[in-house]
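Okay, got some structures for you below.
Consider the two complexes below, in which chain A is the common component and chain B and chain C are the respective partners.
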Partner chain A sequence: MGAKFLGALVLTLKVLIYLFLMVMIGLFLMGIYRKFTARVQYRVGPPIWQPYIDVIKLLSKKDAATKNWVFDLGVIMGLGGPLALLLFLPLDTIVGLNFHTKGDLILILYLAVVGPLGFALAASVGASPWGAIGVGRALSMMLGYELPFILGLLAVVAKDGTLLLQKVSAAQSMWNPAGWHYFQWPLILAAIGAHIALQGVMSEKPFDQAIAPHEIASGIMVEFGGKYLGMMLLMKAASLMAELGLFAVFFLGGTTAWDTIVKIFALFIIAISFDAVLGRFRPDQAFTVLWKWPTIIALLGLLLTVFA
Partner chain B sequence: MGMLTHWSVLTVPMVLVLGSILAALFGLIKNEKAKRVLQMISTTAAAAFALYVNIALVAGWKGVPKMADLKPFTVKLTETLTLSWQYYWITGTFAILVMGVLMFVLAYALETFKDDENTTPFYVLTPLLAAAIYMTLASVNLIALFFSWELMSFVAFLMLLYYDRTKEGGPWLYAFWSGVGAMSMIAGIFLFYLASDGKTGFGLFELMQTVPVLTIKHPYMTLAAVLLLGVPFMIKASIPPFHTWAPRTYGSTHPSVAAFFSAAYSKVGIFAMLMWVYMFVGTVMSGKWVTTLGANFRNMPTAFFILAILLAFGAVFTSLLAFAQKDAMYLLAYSSMGQLMYMVMALVLGIGITVGYQKDMNVTMTVYTLGFFGAIYHAYAHGVFEMAAYMALGAAYKRSGGETEFNKLGAYAHRMPVTFFMGFLAMLSTVSIPLMWGFASKYLIYQAALYGRFFVLSAMALIAGTASFLYAFRYIHGIWWGQPTKGYDFMHSVKEVSAWGIIIALVVMGLTVLGGAIPGQVLNFITGNAVNQMVMQSAMAGGPLLIDKAVYMVNGFSILHFGYLAILFTVGILVALLVYTTSGGSRKVNLDDFYNSAEPYRPEWQVQLIGAFYGPIERVIEPYFKVSIERVYNWLGGIFGWFASYIESWNTGDTRDYTWALAGLIVLLMVLWVF
Partner chain C sequence: MVEWLKLVDKARSRSIWMLMYCTGCGAMELPPAMTSRFDMERFGIMPMATPRQADVILVTGYVTKKTLKRIIYAYEQMPAPKWVVSHGSCPINGGVYWDSHATVNRLDLFLPVDLYVAGCMPRAEANMKMFTELMDMIAKGEARGWEEYVKNRDYYKENQRKLFGYDLVFTDGRSAL
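And now, the complex of A and B:
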């Protein structure tokens, strides 16, 4: 009984440490983003640890406005979803967990929408038309980027014959790029298609229509303040790790947690480089672009893989 | 319970008819409230009894007869032709769903009918429709099926006609397509008769077995017979190109009627398609067609592959159409059509691969089991979430004075939190959020498609799933949240449903989660252990499939532990809750207190976003919807109309002209006869 209790305690601690670690790395990435973007635009920018300061400050504020308890529930669901998602990614091996062997790609794709849906609910409860416009845009974008992203991922499934993430990563080499799906023919096409879509998955320019501060007053975020905004930042940090981690495992041979984290950093730098220099599409333009070029490229990659 | 041994396949319909008769008698009561309550009790009790009997039969509970011991009902017409209705496990599997939906919809109707709406036709006709559906499910003879089918269609038409809310011709469109279906079915039956040289007894199982032989003898006639027979089934399951009646019919009626139609009645189409696909296999894999329609394309007969692609396209298109709707009833109607196409696609995949992919028996068995039972399980999931969505909408419909358009709804959740939650969970299930029934069922279909290596189909199915997020959110925002379009004063007068309605809503919510938390058990229960038997057979053949209590697994390919999912999902939520509770406080503000770019806000301004919710992408996809099957039908209708007008133009109004014409015709015939 004592040993069981101790085991459960250790497991709980491991889960908490893992989630804390992932969110902290995610916040660090967000810090890099702000600094990096500022330097590209000839500004000094905030310090890299600014997101940590922001989160602590926001979470400790005492007068955040809420509409009712469903607003709060939406925010809890919004953060809880990505945290649960992280537990099903192979990154969990960093603290010796192996929950990622209990689910597969389909589960991950559907768990990934729990967070955004929670925040969308909260934005809807918030009753601001800006929030509703933001949600409308976010979901429209989701429809846009999911197609090329899924086609890209399915090409890997076709090649490796599995939906299990551990098998997909085992089919690649850790550091030799020639052994990564990204640089194998014809998967490279699927990877490029999915990589363009990844920019939309992360809501980075030119696909950041859902936030668009100058157009729609930050859209979804408009009614969030204090701890709600703080939790939204945490959700963003967790989602970043999950989205980039999934891509790294599927295309860049993310084998262990450590090398996956390195690859997440590399992917993130590429993403924010484009974000720093590109403008924003109109929602209809973005949707058209996503369903055109990345989709065609990823579909070609999938078909060539299937018929190979 | 011993008495059940004396009962036959007619017991359930007779009890339903009794409930209906009682509802008609209660309709004579002057006191409106007493009338409604008594009608509800009589019909709901009949439905509950029907549900109990079916569950007991399928689950093989002690004290009830075995399924096979339930006496069939037969009518001997001629020496060779006997109409028969018999209960078998698939009857029970579908009947549980139909009776369950019937019970909930009838019980909840107290909350959805406005005070000025007459409930008697609803309470009288719905159990009758359920009885006709039951007879259809139990038909083991094509002629018996025809009679049951037409009875069902007629009762449904009466319901639609009475509750024609929008007067856009929905019932008549339904009647037209039912007529087309009836004629097509008769033509199919007639061709079967000809193909069998007048020797068929029209037994359904007999036909499924003899279709290959008939195809060898009369390939064209048998194929035509099978295709014609499929038309009414496809109409009922609203499969393109026979789907055009569905949105207007579902959209124009009362929410409670639509709930039963969409959640239960449409499943007859799925049931019939299930039988039909087997017949179709028999035709395309026999005689002349083996080398053409039956030739493999991507591990499936070409005909099946085309059908599956058509269905996947249909699912994507209807899902895209759903989110562009401005009326919640129409939105749910399109959503329903998309989900039905998922089910038929799974059936086509599962059954198609059994004849197409012969390289590996394990793969064949696995995909078959996943597709077949995925379709049945999704039929259940859809039944529950569509019913819940329509019921919640119905409650808002009553309180808003009969509104279903988004620009006249909004913010009802503030006054009706429990009802909102029913609708919300229904939508979570629709979009397949993990731990919801809709996820557990769609997962099986995705597994089938991916393990069978149909990747483009899978991608299309997944995108249809993504589009469902858009319409689900529109439903959530348009009805339940945002700003009240009827003003704040009106909202204060809105009340939550009664305690009775709340109990029903809670049970329905429980069901939505139950089917997603322990899917293996639920699926096995509703199919009378058929899944376990299939999986065991597969395992004995060395098959990699496992659908256990709470695990889905295709060894080496996919895995999903629902137990872990439940625990880890809870962990994620608990950690979020921990952050929430340990962080700073909050204060509640009014609904009209929101950020509006410093513009002075006036409560009378319309600030609910409703019109062009997905405007930008609606504009992008709009041109692709210019090619509409309905327009083709309208064009054809126009030609017929023109032809009819042309004939009408011959009318001179003088009888003597026709007499001369008739005389001329007789003379012409005589001349032809002489020479």
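And now, the complex of A and C:
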């Protein structure tokens, strides 16, 4: 009895430490984002630890303007979704967990939408018209990027003949790029399609319609202030790690924690380079673009993988 | 506990998100302070889109009876701790509009102003001075306007009632806007 209890306690502690670490690394990525964007705009930019300061400030706010319990629930759901998703990525070897051996694509695709849906739920009870516009945009964008992203992942599944993440990463080499799915014909087509869609998944430019601060007063974030906004920053950090980690596992041979983190940083730098120089599509344009180019490329990759 | 509060005050001072209530021309000199010449993001200062996300409201220009209602609503939506900056001559003493029938000459009768920036309009250098001053005040815990507003609520509400002729929020919770 005692040993069992102790084991459960150690497991819980490990999970908490792991999730804390991932959120901290995610916040560090956001710091890099702000510094990088500032340098591109020929500014000095904030210190790289600025997101940590922002989170401390927001969580120490005295007032919390809430609407009702659905608003609170949505925020918790929004933070919980990406945290649950993180558990099933091989990043968890960093503290010696092995949940990732049980993670498969179906589970992960379901968990991936929990965060955005919780966010949309909270924003839609926020009673601001800007929030309603933001929710509409976010959900239609979700429809737009999920199709090419999933087509790309399905091509990998067809190639390896497994849904398990562990087997997908075992089918690739860890450091040799020639052994990655990204650089193998015809999977490279699926990878490119999914990579374009990844920009939408992370809602970086040109696919950041849902939180456009200059058009619709930050859209879905409009009613969030103080502690709620702090939770949103943490959610953003966690989902950055989860989304980039998923892509790294499927296409860049992410096997253990440390090499996946390196690949996450590389992917993130590529994403924010595009973000820093591109504008924003109109919502209808973004939807058309996403269902045209990445979808066609990813579908071609899938078909070539299955039939050739 | 005291050390922890000092850390929190330090974090608040290095991460000021501002709501620019651009009632007049005063905001003209804020873009230079924001962009590469002065770059206020060095200090973690950013413009924000809504009152809910903001820490400081900049009232940059003349205040009329009509805009003052919106300013008060925006201020009351902001989560505490929050600060008010009276930016330019107009919200301080009326500026060039001091004898107009429509303007309100003194903002600090209606909201607890933490910092005044004189000038018509204040240049980008003055804006940066204002921000560094505000950062110092917040880090030392001196900028307490949001507590004054709660403590002296009767005073501010009485002034607002005298100006508008009615309460901004009716007894049944409806707003007067």
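What we mean here is this: the second predicted complex is superposed on the first by the 308 of 308 C-alpha atoms of A that agree within 3 Å, B and C clash if a C-alpha of one lies under 4 Å from a C-alpha of the other, contacts with A are read in each partner's own complex, and residues count from 1 in each chain.
Throughout what follows, a contact is a pair of C-beta atoms (placed from the backbone, for glycine too) under 8 Å apart; a residue touches a chain by one contact, two chains touch by 3 or more.
What you see is a predicted model; the values in this text were computed from it and never measured.
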{"item": "Contacts of A:V114 with chain B and chain C, given as first, second, both or neither", "value": "first"}
{"item": "Touched partner set for A:M77, first chain B, second chain C, both or neither", "value": "first"}
{"item": "Contacts of A:I53 with chain B and chain C, given as first, second, both or neither", "value": "second"}
{"item": "First, second, both or neither for A:Q166, with chain B first and chain C second", "value": "neither"}
{"item": "Which of chain B and chain C A:F224 touches, first, second, both or neither", "value": "second"}
{"item": "Partner chain(s) touched by A:T256 [first = chain B, second = chain C, both, neither]", "value": "neither"}
{"item": "A:A38 touches, of chain B and chain C: first, second, both or neither?", "value": "second"}
{"item": "Dominant toucher of chain A (residue count), chain B or chain C", "value": "B"}
{"item": "Which of chain B and chain C A:T101 touches, first, second, both or neither", "value": "first"}
{"item": "Residues on chain A lying within both footprints (that of chain B and that of chain C)", "value": "60-65, 130, 217, 222-223, 226"}
{"item": "Residues of chain A that touch chain C when the two form their complex", "value": "34, 38, 41-47, 50, 53-54, 56-57, 60-65, 130, 213-214, 217-218, 221-226, 229"}
{"item": "Residues of chain C touching chain A in the complex", "value": "7-8, 11-12, 14-15, 35-36, 39, 41-44, 48-55, 77-81"}
{"item": "Sites on chain A touched by chain B in the complex", "value": "15-16, 19, 59-68, 70, 72, 75-88, 99, 101-104, 106-107, 109-111, 113-114, 117, 120-121, 124-133, 135-137, 139-140, 142-144, 146-147, 150-151, 154-155, 157-158, 161-164, 167, 217, 222-223, 226-228, 230-231, 234, 282-284, 287-288, 299, 302-303, 306"}
{"item": "Contacting residues of chain B [partner chain A, same complex]", "value": "411, 413-414, 417, 420, 424, 428, 431-434, 439, 443, 446-447, 450, 453, 455-456, 458-459, 462-463, 466-467, 469-470, 473, 476-477, 480-483, 556-561, 564-565, 568-569, 571-577, 579-580, 583-589, 591-597, 607-609, 613-617, 619-620"}
